[in-house]
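These are the structures in question, set out in turn.
Two complexes follow with chain A in common, the first pairing it with chain B and the second with chain C.
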Partner chain A sequence: MSRQNTRILAWTITICLIALTASGVQWFRDHLADESTLTGWILLLSTFGLFLLSERKRKITHPWGPVAIWLQVHTYLGVYASVIFLMHIGWPVRGAFEILLASCFVFVACSGIVLAIYSRTVPKKLAAVARDYPLEQIPVFAAQVANQAHELAVQSASFGEGATLAEYYKRRLLPFFNEPRGSMYRMFPTGATKRRLLRELGDLDRYLASQGVACRIKLSQMVQNKDDLDFHSAMQVRLRFLFALHVAFTWSLAILIATHVILVYRFQGVM
Partner chain B sequence: MDQHQPSGGLPNHGIDVTAPRANPARPWVCGNTALGSPCPTGPLEDGRCCRANQSTKPAPQPGDCDPTKCDHECAAAKLCKHNRISSQPDPILSAPCIPRRATWYARQTWALNIAMLLAGLLLLAMAFDFREEFFVPGNLSAKHSQILGNTIASQRCSLCHPNAHTIAGGFSTQDELCMHCHSAHLPDAALRSPHDLTDQQLIQLVSRPADGIFAAEKLIRPTAVVARKNQQPNVAQDLNASADISIALTTAAGKGNVQESMPASGAVQTACAQCHVEHHGKDRDLKSIANQRCQACHQSRFHSFADGHPEFDEYPYRTERRIAFDHRAHRDKYFGQKQTQFDCQACHVVNEQLSLVGNVFRTIGFEGACAKCHQEAIGASLADGWAVLQIPSLDNQALNNPQLELSDWPETARFGYEGEISTLVRVLLLGDPDMRLALAKLPTSGKLSDIPEIGQLRAAVSLTLARGIRKLVRQVAQKGQQAWKKRLTFAIEVALGRPPNEHELLLMDDACAGLPPNLFREIESQWFSNSDRLAITNSEGAPESLGVSSEVESSSAAPLGQLVSVNQDDLLLGDDSFDDFQGNEKAASSPRFLGIQHLTAGGWYLDDELLAVRVMSRGHADSFLAAWNEIAQITLNSDQAKTTDSAHLRLFTPGNCTECHLIPDESNYGKPEYHSQESAIWSSWKSSYRATTSRPFTKFNHSPHLTLPLLKNCQHCHELSASPSKTLAESVNLVADKSPSNSNSVAHEYLATEFVHMRRDQCTVCHSNASLNDSCTECHNYHVGTDGFLLLGH
Partner chain C sequence: MLAFALLAFPVGLDVKLLSLYRAPSNGTRMSLQMISVERPDRWDHPLDPGISDQTLDWLSVQHPFARMDADRFARTAPLRDVLKNDCRLLEFEKGDIVFREGQYGGSAYLVLEGEVRIFLSSLVFPEAKRNGTPTSNWLSLLSSRLFKSKSESELGVPAPSKLPHSEDRRGSRRNIATRRRRQSAPIRTGQRGHGTNTRIFLQDIPGVLGAHETSSIGCGELFGELAAVTRSPRDFTAMSATRAKVLEIRWQGLKLLKQDPAFRELLDERYRSEVLRNHLRETALFRFVPDEHIDQIVANARLEAFGTLEWYADFRKSSGKTPAERIDKEPLVAEEGHYATGLWIIRGGFARLSRRQGAGHRTLAYLGKGQMFGLRELVHNFRLQEHDAPLPFQESLRAIGYVDALCIPKQTLFAHVLPFVRKVDLPKPISEARYRFGQPLMDAPLHARKHSVDTGLLEFLVDQRLINGKQTMVIDTNRCTRCDDCVRACAATHGGTPVFERTGPQYGPWMFAHACMHCEDPVCMIGCPTGAIHRASESGLVSISGESCIGCKSCAESCPYGNIRMVKALDQQGRVKVAEATGEPILRASKCDLCADVSGRPSCQTACPHAALQRVNLSQVQQVKMLTHRI
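Moving on, here comes the complex of A and B:
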């Protein structure tokens, strides 16, 4: 089955489940039953199903099927749970605890949706870069590029063509190579700084002789390499940070859900 | 596809994605990972480098090796003077590293910390006083909002939730806690049944045969199971028997089909929270119910009020009228003759007051609606008061018979058999067993002169009744109101075959209220002054023949069921005691007492001239007259105690109360429809009020409707039917049997068709989806209860 057909099938199943649940809720409502109990338990089971992905990742030696399939189930189950969540809560959400619980669920759900989008778009953006950089090795590569750039700038001063390139390096490129990028770039990485620096380096050619131009071309390549490293770092850190948040708040969500269920049944006099 | 080509068409940049990767679940990673050369073993479980315990050889120095034996494996290759290239691993990378926490492990630690922090905050929130404010799932509605402000913990959440803090007050369910506060105004809601009705009421309500089976199977049987569980075997047995009867009746009807008629919910017990959802803020109306909720149980389902709602069933004229008011005759005949405008709102609208249906009343009362035209006639009939007791005139000769014990009969009442036995006396004599035969021979007019002169019938009946009256006067003079009340009790027992019920007891109280015993003592001393046996001042020493101990005693002179024997000789004897001159002199000494002059505010007095005890009424709404009207109807017209051979008695009371008041018969007493604001006793006399606490199935508020110009004309909705050939009065008078019950039924039948029943389309003009509210609860009450159920006429 092709990827597109698989996706269509998955969406069809999800929508059918949502419609089935909505019909059940309406049936409960029409027959004076408590639809909140129905949606609450469905939501609880769905959330438990979403937790299973984490367990599957830990069990690397058990034949529980590929994680990729689990991730797909997790994604569509998350969509289903989000819709059930909207059925379950009344609007507006009232009460500090209920708002905390709903906010936590919404945050986990939204981070999951964003993660699903990122997991599909980030690899394509990273693939557009000439080379792959493992996140753990990027600091080492960045230090190497900075050292090479520094040596090249020092070397350019000895060509007898003046200190134009070295002065430019000192003024503009030294912070670029040795200082971390700003938080705005980490969140929304763009090539604006790179393009500006490359344009400025190109403008220096009129002041340089042949050796200086060759050196400038090497520097431009290093600027490109450094920007690639920064882009890789920003994209991967953003993805991992979001994933960390997504996972971190699932435990909080579990605690809040358990408290909610206990409170509901306790106050109904059942427990 | 290339084996190393990543999925999604991404180019491979030299990374071998198929190469084994470190276990992502390990807590530590190699410190050389950042350098791109992690050791394949990885750190130990305790976080130490795997090379930490390996013995490391000192780095070889130049000259330590033999160049001829260099195997290209020298660790000092960079310093080798022979410029050999080392193939040994980088000494930095091969040295022990400082392992780092794995990303997964750091992430889990972070998640755990956040979760623990959150759990701690929740526990902290439970410990402080504001825990209710924190955990409450939304503000309470306006009417409950003060609950969370209570200072005592058990008066906050525990007031509604059984296990909020502790087990509160012995209540185990949330509904019971609801009823702890709401049982006063919704007493039947404790049943937790649809519309707060009992099983039997539900069976009556669902009249279709199939519904009878449903009610039996789904309502009664489960209740029987519950009763059995609650150690109530007798109740369970009764309920099962009730279910069997219902099913038997249904089956007999022949069309029972449980599956077709059974509501899908099959709910046996309802819960308050099914409809009243709390914690939705102060602006939430707890009474607002979605239409779909109503249709969860109701069999005939429809889309909306305008689309599919059943047509009205005799609305709003289903209830019986209590005042025989002929609207058409008044509009066309009486008001027309006086050239007065017939304005509905003049009699039916009081803007300053509200009733169950808004500021509209069935009538605003006699003073506001009727007095203008009818006060004069009623006043004239009450001018001399009501002669509740009149000493009849008897034959002088017969009175001289000592066996009759009527020798003390007033001298001014010895002119032959004349006079009238009033309705009141007739009822009181009904309590005397000796009088029944005489009462049966008494004509409906009550006049002695109307007794046929067959043999000595008139004399016998008259003298028997006279003996009864004499005994009545003695008893009242001696015992006071107690004697009167005992006679009434006995009369009701004779008439209805049972002791008086609560309503009748209340009537008896009012029928005895104000009765002055000293007036009867005065009768004894003045009218029966020649009595030498009266001993009223000492009740203990009262002669046996005069006293009545606890029950009305039989006459010693005449056995039960017999008229007194009339000695013809005695009847022919002259009356020596009568002194016409003396009597005239006594009368001339003081002016005649006139009630209209001396008792303008009402009261009792003696009419010495006519030997009558008279009562002046206290205006139109006199409770004494009303009570006697009802008692007379109950006793004299009951099937068991017909006091005459002829038709029913027409009640002869001043003011002709029953000409306008349609007094309900015994079966209607106690119905909430007839409940008035102050007491149920006078409910049948008042139609101007329906308690705002009543909760019929259908409700309507006139007030907002009367603001519309079109609806200000009441006849827009309340349309008189086509002109009948006769008026109400003519129809009643034409009936052959003029008994009160028959007259009432004729009047009710006439009044029931006086107006054209309202139609649904009169309402849907405005109440539709597109304009005004058309929800079920706009016109219907859910919490009906027994009171509302009875308003349906069940």
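Moving on, here comes the complex of A and C:
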């Protein structure tokens, strides 16, 4: 079965499950039963199901099927749980604890959605770069490029064509090659700086002779390489950081849910 | 927004992974304990540790060892030591299977007493099953579990390349069809013994021998050496026809024994007299050719080898060259535009099928074992009317690294093969020939047809020799989020150190990661002096025995893809082993073992959350097509 057909079927099953739960809630309501108990327990079980993904990842050698399948189930179960969550909470949400719990759930759900979108879009952006760079090796590559650029700039001053390139390097390229990119770039990496530097480097050609131009072309290539490295770093860190947040808030959510269940049953006098 | 705000600050999320990835293998444990041990030697683990001096004395007077000149052997590896360490005496009862067709094996066998029969047609063993295609989505997995479809092999149909043969080759096609049905029935087997003495035996020996054509191997004859030397699967099943004593010689020993001219002579003689005949009988094109014509073909056929078995050295040298220079360096088997003088059948290795395109050459496909070149042109010429001019070869064939090929001359093909081949088995005549004698050459348009492999990818795979990989790790970078879950899973399965790197040559979105590809032709095995790096007989999995590895680096240096690394050897308590004499750490080779200890898929593939990582058999163009057209 193709990927598209699988997706259609998965959405159909999810919607059917939501409809089934909604009719169950309606039946509870019609029979004056406690509908929030039903949605609460469904929500609890769904959340437990969502937790199983991390367990699968932890026990990778167990023959429980590929993680990719677990992730797909996790995604659709997350959609289902979010809808049940909306059915479960009263509006407006009252009480500091309940607001905290609801906010935590909303954050986890939103970060999950963003992660799902990113995991489909970011790889394509990374693959569009000429080479692939593992995150752990990026500092090493960046240092290599910086050293090469430095040597090239120093070398350019010895051609007897003036120090135009060396001066430009010191003023504009040295910070670019040796300093980390700004926080805005880390959040929203763009090619604006790279384009500006490449344009400025190109403008220097009129002041350079043949050796200088050859040197400038190499420097332009290095600017491109450094920007590729920064882009890979920013995008990969963004994905990993978001994933770490999603996991961290998931555990907070687990604690809050447990407290919520205890409080509810204590309030009802069951416990 | 909170996430984005936090992103603005430098974070050290991957500190743990940083130490994991590209870690200097076990080097981080150097601060831990060390233990002095004696440096391992090549014959620390003989093939048969229990071989006695009496047996060795007896062996040395047997044919062909009695005729060998012991002085021709090096002082470090004398004949007696080769027999002692690289040989094993096996005893078989009547009906015992020596090895099965399709198994990989690094040993040749010499019959010392009794008789062995080799089957010229395929035996269908009852347990022969093929693993299903891995599923990547939950629905496919569910459906594959619920509705198990029977594959060809499960149904007991023999492999297409191995066609049954009639006892009476002049018999009718109906008789042959009846015989095929009998042959396709699974044979009944039993098992006896245990450990290394386990034997599989045939239960109905007369019945099986009656249904299949066999060839007899008698005392002093060698068999199974071709698969051992060319690192290819066994071409036939061998069975003991009587009580027999057989000497197993692992291929490291075979290499040493070949120093003796008498032994070399034995190999060459056997090759022409038996192997070639069997090979022709197994080829589909020759299935209806009568025996006397087969004899003529054997007499006239030329066995030719192009390139060298140790092709990896040339491959490394050619890495900086242009595509045109690389192709020019490849040994030419047959050239386009030249007279079609014979039919080429690939017996081992890979060959590049190419056409001239502008100032260069365009790769059309790569041919592997059993595939033919020149048949279309020769059949076209065979059917020509008297006044028509024959066609030359329309494409070129070049050896990629090493090719072992068989050439059947045109005259032999016309007289002894084509008259016996059914029309339906022959290729269609060439309607639009690119080359005609005396006519100018026109360049073909450079576009790939729908559902065919992109030319650029094909060129890349051939140039990088990735076509050698049977379990190549291919990562779709359009799907890979670079989460490194694969690396972590690998480390978790291999005691904390990953055995692959998530980097490697890349073409378009496909990255061919630095992980052992379990090659069709594992050249890493060539130099191993101890047989520590070996191939599993059934699965073809190339693995390294930690016990036998002496850390000579031969495999790591000969792997053309840089997929084997040397790591520090540890004992069972995690202490680094250091040599008593020098105090230096003892190394051992480390590479991907496809998580042999874990059931199902390798951990890296299981762990990939986006199904971006796949293991692909690049030696088959069909699998490359499936990879590129994955939806």
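Everything below uses one rule, namely that the second predicted complex is superposed on the first by the 271 of 271 C-alpha atoms of A that agree within 3 Å, B and C clash if a C-alpha of one lies under 4 Å from a C-alpha of the other, contacts with A are read in each partner's own complex, and residues count from 1 in each chain.
Simple rule for what comes next: a contact is a pair of C-beta atoms (placed from the backbone, for glycine too) under 8 Å apart; a residue touches a chain by one contact, two chains touch by 3 or more.
Quick caveat, the model's predicted, so the values are computed rather than measured.
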- With the two complexes superposed on chain A, say which partner A:His31 touches: chain B (first), chain C (second), both, or neither. first
- Task: Applying the touch criterion given at the start, work out whether A:Ile60 contacts chain B, chain C, both or neither, answering first, second, both or neither.
- Result: both
- Message: After the superposition on A, what does A:Ala248 contact: first (chain B), second (chain C), both or neither?
- Response: first
- Query: After superposition on the shared chain, which partner residues are touched by A:Pro134: those of chain B (first), chain C (second), both, or neither?
  - Reply: both
- chain B versus chain C as contact partner of A:Gln4, first or second or both or neither: second
- Message: For A:Arg171 in the superposed arrangement: first (chain B), second (chain C), both or neither?
- Response: neither
- Touching A:Arg206 in the superposition: chain B (first), chain C (second), both, neither? neither
- Item | Contacts on chain A seen with chain B and repeated with chain C across the two complexes | 57, 60, 123-124, 127, 131-132, 134, 136-137, 240, 243-244
- Message: Per the contact definition, I'd like the list of chain B residues that touch chain A in the complex.
- Response: 6, 8, 10-11, 13-15, 23-25, 29, 33-36, 103, 107-108, 110-112, 114-115, 118-119, 122, 125, 133-139, 157, 161-164, 172-174, 264-265, 267, 270, 273-275, 279-281, 290, 292-293, 295-297
- Which residues, counting only chain C, touch chain A once they are in their complex? 2-4, 6-11, 13-14, 17-18, 21-22, 134-141, 143, 477-485, 489, 492-493, 502-503, 506, 509, 511, 595, 598-601, 603, 605-612, 631
- Task: Sort out for me which residues of chain A touch chain C in the complex.
- Result: 1-4, 6, 9-10, 57, 60-61, 63, 65-73, 107, 111, 114, 118-119, 122-124, 126-127, 131-132, 134-137, 180, 183-184, 186-187, 236-245
- Parts of chain A lying in touch with chain B, wherever the complex brings them together: 29-34, 57-58, 60, 90, 94-98, 123-124, 127, 130-132, 134, 136-137, 139-140, 240, 243-244, 247-252, 254-256, 259, 263, 266-269, 271
